[in-house]
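In the two complexes that follow, chain A is the common piece, with chain B as its partner first and chain C second.
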Partner chain A sequence: MTPDKVAWIHELILLVAGFFLLCSFGLIAASQVMGCLRVYVIQSLLLAASAVLLGIDYHSADLWIVAAIAIVAKAVLIPFLLRRTARHDMIARRELQQAISVPMSLLIALALTVLAYYIVDPMMDHTSRSVHANLPIGFAAVLIAIYTITVRREALPQMLSLLAIENGAFFAGIAIAPNFPLIGELAAAFDVLMVVLTLGVLSTQIHRLSGSTEVGTLSELMED
Partner chain B sequence: MVRMILFNLIQVAVVMFLSPLAVGILNRFKERVAGKKGPSIFQTYRDIWKLFHKDQILSSESTWIFRATPYVCFAAPILVTMLIPVLTSYPLFFAFMGDMIGGGFVLALGGFFATIAAVDSANPYGAMGASRTRMVGFLAEPVFMVVFFTVCFVANSTIPYIVQQKWVHPESNFFNPAHILVAVAFFMLILAETGKIPVDNPSGHFELAMIDESKSLEYSGSGAALMKWAGSMKFFVLLCIFLNVLIAPWGLASGTALGDVLLAIPLIFIKVLGAVILIVMVESSLAKLRLFRITAFLGLAFVVAVAAVLTRMMTT
Partner chain C sequence: MVWAILILPLVAIAITAAGAPLGLAGWISVLAALADVVIAGILAGEASHGRAVIAIPHWVGVDAFGSLILLLETFGALTALLFSIGFLSQLSTPADRKRRYFIWFNLFLTALYAVPMLREIALVWLALTLTTLFSVFLVSFERTPAALEAGWKYAILTTLGAAIAILGVLLLYWAESRAGFTAFTWRQLAASAPKLSPAIVSIAFLLILIGFGTKAALIPFHAWLPDTYSRAPFPICAMLSILESAAIPYVLLHLAATIRLAPGARVDQWLIFFGLVSAGGAALLIIQTHEYKRLFAYSTIENTGIILTAGAMTSTAAHHAAIWQIISHSFTKPLVFYAAGIMFMLVGKLRISEVRGVLSRSPWIGSVMMAAGLAIAGAPPFAIFLSELAILKAGLAGPQMWAAVLLSSFMIISFCAITYHLFRMVLGSADANDTAADAPPVTIPRSCIIALTVAAIPVVVLGCYVPAPLAHWLAAATASLGSGRP
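Presenting the complex of A and B:
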């Protein structure tokens, strides 16, 4: 590849990383369940885009298969499964409850991003430019998703944040270990599908028993 | 030298006389998208012309601030126009009079006078609108600061003529995340500062829901005309900064011949038209936010701007 083309690829990898970080923030700011799902799908597509670009950068065809798995499993199958198993909550147009208000949460997420950069910084000396983009942002995405799980008071957004943790880990992983055995990626992808199916069925059960999946109101055991 | 001054004056004239047309096209497009016929694209000119021929009524309770405000508001965007690239890609005569931060201060001065004049008019709706505008303004301020900081950080300069060259040399810089994210944050700021739909509804006539409009309710005659004209110029100037400094420094005149500069006028207008279509798309597809959700909107803009700085810092 010509140096000019390498520069283009690097800028695009950085750009995808920037938007990936924005999607993590979007998961906090989205006010309806459908919005959360849309943000998650966009984040998964950005993960796939990053895998394709890194595949070109590292000359690794494995990463293209990772991208294909990400698109099929996360952008197509997971929304499909969620719509099938947890229909009530997906289409509910109510505003989501949060323990801490959205602007405050965004500022905390920003602090977490800075923290991620601070922690990752000592490891960055001898790495390539693509790792500089993906490692801190993947790490920040993991931290922000964990924070989202703690503040959201509803089952489905919590579940999507759980999946976003996995997205963030993958995002960092594809940059530092491009030749990770493919079987691992496949296993992870199927694991995620199983998790979605189980949680979807579970949340439907909860919905049938108690009439809502707002975790914030489920603070007492039922007495028969 | 004389030529540079002439170009600067042409630039001011372009902003003064094309800005009502941009606002007219915006209103027309918005009505067309909503399935209505909409006013003529020249309606803003007619409104300004009509208002200039009407008598001005001043409250006997008001002070000089109320009388001076239309002139201050009108002069502020004209001064900023002299500092920013509208038609040419090389600095003009007044360009080094102030940088982007100076331009921001001049625009803020107009906003400040509009606010105290609204309080001065003793109309309760005016003071309410003024306090709401200040709320939006004070939430937008940190975003402005971080955007300027990022721009300075990338270009090592705050002179807009130098900044605009950085984004495209080399061309892969255009896709730098700092560039794209700063542009997104600045676009959200334009929506907030000019009272467009997710923050404020510019076509609403209900005083209790107004944010930006209610400040100029008490003006009549030439005062109202100047306020209206100043509003459209501010919109046009902000779009010029967005397009020429932050997004696309293409289509600007690089030669010093008069023909080059005149050719740049239709090109800048086409670019503004593109931005107007983008704004119409945003305004037609979103609903106005509740007053206390505006913090979430501007908080998101702030986060976008800080993400721009962060992604820039780790790659240098």
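Presenting the complex of A and C:
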């Protein structure tokens, strides 16, 4: 690769990282369930884009497979599974409640981002530029998503924040461990799908039960 | 043969899913578990010579420590399944859902058995995560709003832990690949350890400890635990205890033993810190708890804390004692939950303040509960007494004397608290206004009594003496752990 092209790729990697972090903020700010899902899908696509770019940077074909796994599992299968398991009124348009107001949450997320840079600092000696872009942002995404779980009160947004943690971990992962055994990537993708299935079914059960108050009839209602 | 351990529960699932009636489904699962105990015993015999039994190089195999965990898991599964048969027969849940209970249970077991058998660290992570996902519907089995909420809390928080742990796993792999290694197995990690960057592995280990610590309900990551244990069926509580105090300490201590070889890595400090906080915090929680299921759940946290603290001390004797504590706790805790389950069948209440005079209502249930409770509190002549004594002895002789002193005070607090609650429930006089006292006698299902009896054998035997083959095996397991000492 020419030096020019290398510089280009690095600019792009930085740009994608910026948008990735923006999605973490978006997950806090989204006011509807479908909005959360959309932000999550976009974030997963950015993860895939970053993997493709890093694949070029590191000359690693593995990362392209990682990108493909991310697209198939997170951008296609997860929305599909969610629509299958969740009932219509769970994902319908309505305002979500939050324990802490959105502007305050965004400020806290900003503080968490600074904290992430502080945490990764001791690890950054002799590392490549791509690691400098992805590692702190991945950490920040993890911290912000953990925070989001604690303030979200509804089942599906909580679950999507949970999945966003995994996104953040792998956003850092593709930069620091481009040769991470593919079996590990597959394991993570499989795990994510299992999480969606399990929690999807469970939240549907909770929804059904809280819609009904008479305990005697409940055992009839419950079928998964 | 290693494979059979994983395949047998799957066979039980297949038979159940193919439409076997409920009775058959239960007994097939028990049979599979019994066969697994035998196989685990044979594997343990082979592994106790100090060489790992390998099924696929780099991927599947058990060393001495792993085979020990496997035996504890299979034995716990055997008694828990036996107990489940009787326990389910008392519930009015539709038969179809009871059959699904056995399907989920066996899926959970497959993942649980895989933890000590897998050699690739990313797959160990997957197996641990799957144990959560497969047990969610077991926890929320009752399908009451409270049970579903408990299941949700359990799933969200422990999966959150798993997501934090994967970041640690990725960082660990980063450190390993920077040292020039590529295969992400226990053996390769140990080989690369002296060259690992201490800054990276310290943060990686902390993340993994917090992540898996959330799953083991280490304090302060135990928010999910009280609700989960209150709502989950008794046999599930028993299995979750084995997961938390045997399988997860196995992974953490295994990891610590390799990472501590990296010069300057902070591993033992973190383990001792979280171990002591958990043991001490749990001892205090035991004092103020209102439900006996939670009481024993907190006692599981306490034991996990004790195990991690002892495992991080700088002496082979302490490591030996830590593994011994894993064994004695994993044998005793299921027994306690079965005794508590039988007591629940008698009194039908979960709150400690509502249970009084069990001994006068049913002398045998009262005395069994008393004995099991004393066994878990750490009274002689039961297994935990000896292993806790060994930990204190090793700790006081080693450089971390202060930690051993703290541990001993936590053990005393929890001993007093457990026996206080226990005496109030078992002794005391039954409330005169309690109409249940005049109720017709409850018949306890025979399979529950068998489960209780089988589970009691190792607790009593190990309280008297440690058989020679077991001592030999313990030494081999300690060697596989303690070889990490510089």
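Following the convention adopted for this analysis, the second predicted complex is superposed on the first by the 208 of 224 C-alpha atoms of A that agree within 3 Å, B and C clash if a C-alpha of one lies under 4 Å from a C-alpha of the other, contacts with A are read in each partner's own complex, and residues count from 1 in each chain.
Following the convention adopted for this analysis, contacts are C-beta pairs under 8 Å (C-beta built on N, C-alpha and C of every residue); 3 or more make two chains touch, one makes a residue touch a chain.
Everything numeric in this text was worked out from a predicted model, so none of it was measured.
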- prompt: Following superposition onto chain A, is the placement of chain B relative to chain C best described as a clash or a fit?
  reply: fit
Task: For A:Val102, select first, second, both or neither according to whether it touches chain B, chain C, the two together, or no partner.
output: first
Query: Considering only C-alpha centres, what angle arises at chain A between the directions to chain B and chain C, nearest 10 degrees?
result: 150
Which of chain B and chain C A:Gly18 touches, first, second, both or neither: first
- prompt: Counting residues of chain A in contact, which comes out ahead: chain B or chain C?
  reply: C
- request: Classify the contacts of A:Asp191 with the two partner chains as first (chain B alone), second (chain C alone), both, or neither.
  value: second
Query: In the superposed model, how near does chain B get to chain C, counting Cα atoms only, in Å?
result: 19
Task: Would you tell me which residues of chain B are touching chain A in their complex?
output: 170, 172-178, 180-181, 295-296, 299-300, 302-304, 306-308, 310-311, 313-315
Query: For the complex, which residues does chain A have touching chain C?
result: 119, 122-123, 125, 138-139, 142, 146, 149, 155, 158-159, 162, 165-166, 168-170, 172-173, 176-177, 179-181, 183-184, 187-188, 190-191, 194-195, 198-199, 202-203, 205-206, 209-210, 215, 218-219, 222, 224
Message: If we count contacts the way the header does, which residues on chain A are in touch with chain B in the complex?
response: 4, 7-8, 10-12, 14-15, 17-19, 21-22, 25, 29, 101-103, 106-107, 109-110, 113-114, 117, 124, 129, 132-133, 136-137
Query: How about chain C: which of its residues touch chain A in the complex?
result: 92-94, 97, 120, 122-123, 125-126, 129-130, 133, 136-137, 140, 143-145, 148-149, 151-152, 155-156, 159-160, 162-164, 166-167, 169-171, 173-174, 177, 182-184, 197, 199-200, 203
